[in-house]
């Protein structure tokens, strides 16, 4: 396998609502691929083939076809679990109908737990932590925050948002039955311009904490509206670090916005170097750590399988333990869900210890708590069909 | 009590913002008969231009200049493109604005990038206009600016609650009312309004009577775009300035214009307020139809017929209420609330 | 002869590619009523539109010595030419009053005519002052257009078939109206179908056929010339 | 109120009508071949389906459908072909409203989309064994679904016309789209509903697993539906639909209810749209909220217009362009949305009859044997236009490259040539090319316009002469 | 006003069309004030009256374009007020418009074919080919020849000349074979010679039918009508033979005027369709 070129199709939005995120991520993947091309366990060369799917499942299927035509055997995607579902379905069918031309799907950010539970597939490997895992970590953290009395849930009215709400309530009942859910809202995805009414509602409920899976402008507008109305609550979020949001959070949100993720802005060591290089090169933040997982996992598995054949590599990836930027991680065999540490970080001014300025705002996500992989690990109901 | 007040204030201000957005659209529609699908794009353009200008000249200058610049661009578009399509009728006119909205979006992204730009309101807009204080012993009171913390820091037995009303929103309301006044004067107190309406049906005749119709149309379109841009300047700093900001308001402003009555300024105003309230007030009601039925003795629960529909709370349905209203209004009163013509 | 006001020489006009006027030459003096007669499709309306700048024309149209060809309609209107189209073209959504108001040119000072003059002329309009013009009866609309043009205080008024659809009694009124215009020193170019009224009020008659002027003379001459009438006006 | 005095959208098909006088004489609706020979006896109108010209066109269409997948064999090309076939049905269905009925709908994806959902549920029912239906008939289930929802929602929509109609469709479109996320029971939430089209016994060895088998299923549907929709234009209802478009008021005075005509047409359109949705469900094997979204509805409108709504075959061109633009163009360039927007603006401004309008204009010239004269003009025009396009595209691509592809450095590849997006020479070259191209284009355009005008004038004269005979 | 029980159509009504105390108000203004008119089958009636008297409004009421404020309208003894225009048309009444109202983007032939479809029982059929409907096609051809537009068969209506459009307007009105025909100023905008030809045409195509026509051209009125109804301020002040109407002083005062009209009317009578000068 040495010296071979491995094409990885990156199927994600480059236009439309999620384009900013997509633009950042495509750079991340290309950048990390370059890093790995300098030397990796398998000695292969990676090439990222970006294809715009406009955040549309139907378009993604076209993109998949196009990628397969170009000889691509590894596909990665992450924005939108609906797209992920469509891809899993299509890849399952493709692999079944076209033996010898199998395709492996490496999911870098789609976090719907179903993807590794009821909808799990042998060909799908998830590198992000799913909603339930993040919620496990988040609630473990919240359990110890004694000032949390009343929590308000506000989420986007689609599967991701609904799941955040659901898993939160489940976990809370287990860990802090005394905390009250003061209210719950589901608002339409990316359509609300004016969050003032929601903020008024949160205010009226007397909540001291807001938990939200919102991303993009749905998160920034929420935080902005809260600041404007003088609503002094803490926000526990999934996606405060995604492109554009940090800029919009600015100074007003300092100390009040928490994020749960498999990374923080200040991981130190080699990661700090990577982030710095990325920033010099693109004047942008490298936050999609799963791009690192992807190439680390692939090269290790290819080395192990001594092949780039997706069937062999897939088999090699199952249960593979490898070293990534956030420590030693494991691709769990039962459901192909990566087991990795999770971090709670807070939005604050940069300081000596946390000196990475996110989006050049002078603010950063500073680690407040790190949890080992086992803490956030959740059971799976996956009944995987192996070929 | 304070919550009701705040909710009403939110509703009204949200309505006034909608008016700010849709007034230009109404102007263009009532006078030129053009459904301008690029209206929201001009709104976005206003925000971006103002962002660049205020980094350079300050916010106040941007507030004045950005609408002028965008209005000029609008006039240019009317002159070079829309005028050509006008000959072919309404559908091509509409489609050309459709095409323009794509182009504007792409150009904005090329110039300012795809991520939000950090547009912040100037210092004088960053404070609070007033604070609504509800305290157990003093009841409801309104304090200008930010209420001193001791007022809100629960004194004694019962906690007082303070809700601040941000300056940006107050300013927005003010500008919106100003727009209403200016437009009303333009339409009723000047003859230009008559000329435009005349030109709508018989442009040649209006010209033969000595009115420079093309110039008037250009001015109207330019003004409509300038109004959108003004809304954008304020909307941009109040919310976020980002490429998706046009898409978010894109269809709701049509709802406003249609519900109010196509081409009627008063209608656009009433429509804005109604939609503003409709988007806001139902959010506070977390009851669903199922709850309602259960209240009256029916037992509706998961698994009963129509549960998926009955289960939806009013708060969740709030965002679609404007569209529901639109459809109902058009079926039962196609003129719209205040409209005079039915087409 | 009176002083020349308007002179057309060798005017050609086209609708798209179809050639309609083939070299029309005519002139109108100050304070004159001239009628332009001819069969359907002879090109009378087109001539008037060409003067007004509403169709593409070639040749020369001189107004008090100044060339009008190539200028915009609203500029021509500002020169002092009024036009009453044959299909009326009232502004349907505006009220009668607003329609009249629009007759006044933008930026103009007070003209010779006031709203009240108009209402005196056609009392029926006064009654309907606040009605949307679109619902007026055919005849009422005709009255409205006449008045609207007059509000612009033109020196020459070109009227295309003003008696169309009017009751005989009102036709009579229109004749009075035309005479009144003349009395106030306004020139009229009257495009007519009804010979009766044309012959009665005008000083000169022009007959058009196939896009050219084929006869010019006094009403008496036209009455006498049965050849022209046979060939160019009636069957 | 009188219709004539209002800027009514119902009158706006006028709008779509190419206003250039040269186009005015082109009859709307029927395709070029459908010239009816004039004969004195009324008996001569007997329907002759095998009129030579028509037979030729239809056979050509059939052969094209048969042959294309053999020419483009990659799986990507075949998915695109499948989508084109589906798009053709959907766009033709949409044009029943827009081009033939003068109804401007902003929400037609509702019917194709809901048809898709019904179809995928039907497919899953087949898989589950609770429904016995060959997979090849699942699209019909989609069609019935589209018909059902069109009957339900169309009843209120078609009560109105013009702008009111357009706005109701906009509102309903938004409503259905919002509902689709609120009602995961039917719509499957964000993830949608997926199915497997390979189900049941193989019939003649056809499992519909391989894309090519599905393609031929789509091709058959496409051909039959196109035929049926064309036939519709030749029926009393089809003709009255045109009458309603042109003058709804008068229709009421010749015994027809405009509402009823619109409603029936709306249902028929919904049925065909549903079939397209059903085929699409089979094609992607997953249906989610996106299929009822405003973006989809918008593309129908835009591309039907681009293809040419005044002509029956316009939407077919539109559908092909739709797939090319949305699927292929976005693969080729990041600036595809900009190109799309610009193309729209220019088409509306300079060719309001759409591509079909251009085709018909040239066919008319060709029919009068005058095309031969124009070809040099065309050549010059094409050459210079290509130059301008190329230069403009280079500039646009370089700008996009600089903004978006920093990762790859300033070096970029454009049509096989490597350019340095930061290099002065690339920019100067492009600018120079653009300017000279534009200059030459203008020269040849003027020359061509004159030639074209002459040809038109001659044709006009000839037609007058013939008429006079 | 009157009993709401509709007299059932028994076909034996002596009148083809009846207006009984018809009233129409627009907002506050009453346009039709109790118009009363009874037209016998086969009769040709001209309605004259000053501008704004409500003639077109009356037609709009009869044809169902506007709803009646009060009163009754009967067609062959059957009440038709409150019905939709198409329902009235299906009962055998057809009208033309003062301003041509055509299917502008359809050819002459298609215009006429559309007009005959309903009466030929085609209804909303989408399962039959038009080209196979020989009866309808033959009828359309026939009407086209009647109105002498057969040479323009495949021209779009919008490309016709004014006079041709007027002819087509009449053609569409009569094509469906309705027994009661309303024509609103059919000769408006036509020259004397064309008017003459047109009156001839109208006579031919409405042979044996009940005809109501609004006209200001006295030549047409006196040349065409069996009886004349004079509508003034929404009331029928006279309904009589042409001679009687002309002699009626009220009519003269309200409508005909003095000198000019006398002249015109006299002229019209002297040479009903002749040269005017």
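Think of it as A, B, C, D and E in the order they're written, each chain with its own count starting at 1.
Operating definition for what follows: contacts are C-beta pairs under 8 Å (C-beta built on N, C-alpha and C of every residue); 3 or more make two chains touch, one makes a residue touch a chain.
Labels paired with UniProt names: B, D = Branched-chain amino acid ABC transporter permease; C = ABC transporter ATP-binding protein; E = ABC transporter domain-containing protein.
What you are looking at is a predicted structure, and each value in this text was computed from that prediction instead of being measured.
Asker: By the touch rule set out at the top, what is the minimum number of steps from chain A to chain E?
Answerer: Minimum number of steps from chain A to chain E: 2.
Asker: Going by average Cα coordinates, which chain is farthest removed from chain D?
Answerer: Max centre-to-centre separation from chain D belongs to C.
Asker: Could you quickly compare D-E and A-D and let me know which has more C-beta contacts?
Answerer: Looking at contacts between chains, D-E has the larger number.
Asker: Just to be sure I understand: the centre of a chain is the mean of its C-alpha atoms, right? Then which chain's centre is nearest the mean of all of them?
Answerer: The chain sitting closest to the overall C-alpha centre is D.
Asker: Based on CA centres, what chain would you say lies at the far end from chain E?
Answerer: Farthest from chain E by mean C-alpha position: A.
Asker: What is the distance, in whole Å, between the centres of chain B and chain E, each centre taken as the mean of its C-alpha atoms?
Answerer: Result: the chain centres lie 51 Å from each other.
Asker: Using mean CA coordinates as chain centres, what's the gap between chain A and chain B in Å?
Answerer: 34
Asker: Mind checking the centre-to-centre distance between chain B and chain D? Centres are C-alpha means, answer in whole Å.
Answerer: 33
Asker: Can you work out the whole-Å distance between the CA centroids of chain B and chain C?
Answerer: Measuring from centre to centre gives 48 Å for this pair.
Asker: Can you pull out the residues of chain C that are in contact with at least two other chains?
Answerer: 92-93, 135
Asker: So which stretches of chain E touch two or more other chains?
Answerer: none
Asker: Quick check on chain A: which residues sit in contact with 2+ other chains?
Answerer: 23, 157, 188
Asker: Where on chain B does chain C make contact in their complex?
Answerer: Going through chain B, the ones touching chain C are 191, 194-195, 197-198, 200-202, 204-213, 341.
Asker: Chain B touches which residues of chain D in the complex?
Answerer: 1, 5-19, 98, 104, 156, 159-164, 166-168, 170-172, 174-175, 178-179, 182-186, 294, 298, 301-302, 305, 335, 337-338, 340-345, 348-350, 352, 399-400, 403
Asker: Inside the complex, what are the residues of chain D that reach chain E?
Answerer: Those residues of chain D that touch chain E are 4, 13-14, 17, 24-25, 27-28, 36, 38, 42-43, 45-47, 231-232, 234-240, 242-243, 245-247, 249-257, 260-261, 264, 268, 467.
Asker: Spell out the residues on chain D that touch chain A in their complex, using ranges where they run on.
Answerer: 74-77, 79-80, 83, 178, 181-182, 184, 189-192, 194, 196, 198, 209-210, 280, 284-286, 288, 290-291, 326-327, 330-331, 334, 336-337, 404, 406-408
Asker: Taking the touch rule as given, give the residues of chain A at its contact with chain D in the complex, in rising order.
Answerer: 14-15, 23, 26-27, 30-31, 51-52, 54, 56-59, 61-63, 65-66, 68-69, 80-82, 85-86, 89-90, 93, 97, 112, 114, 157-160, 162, 188-189, 281-282
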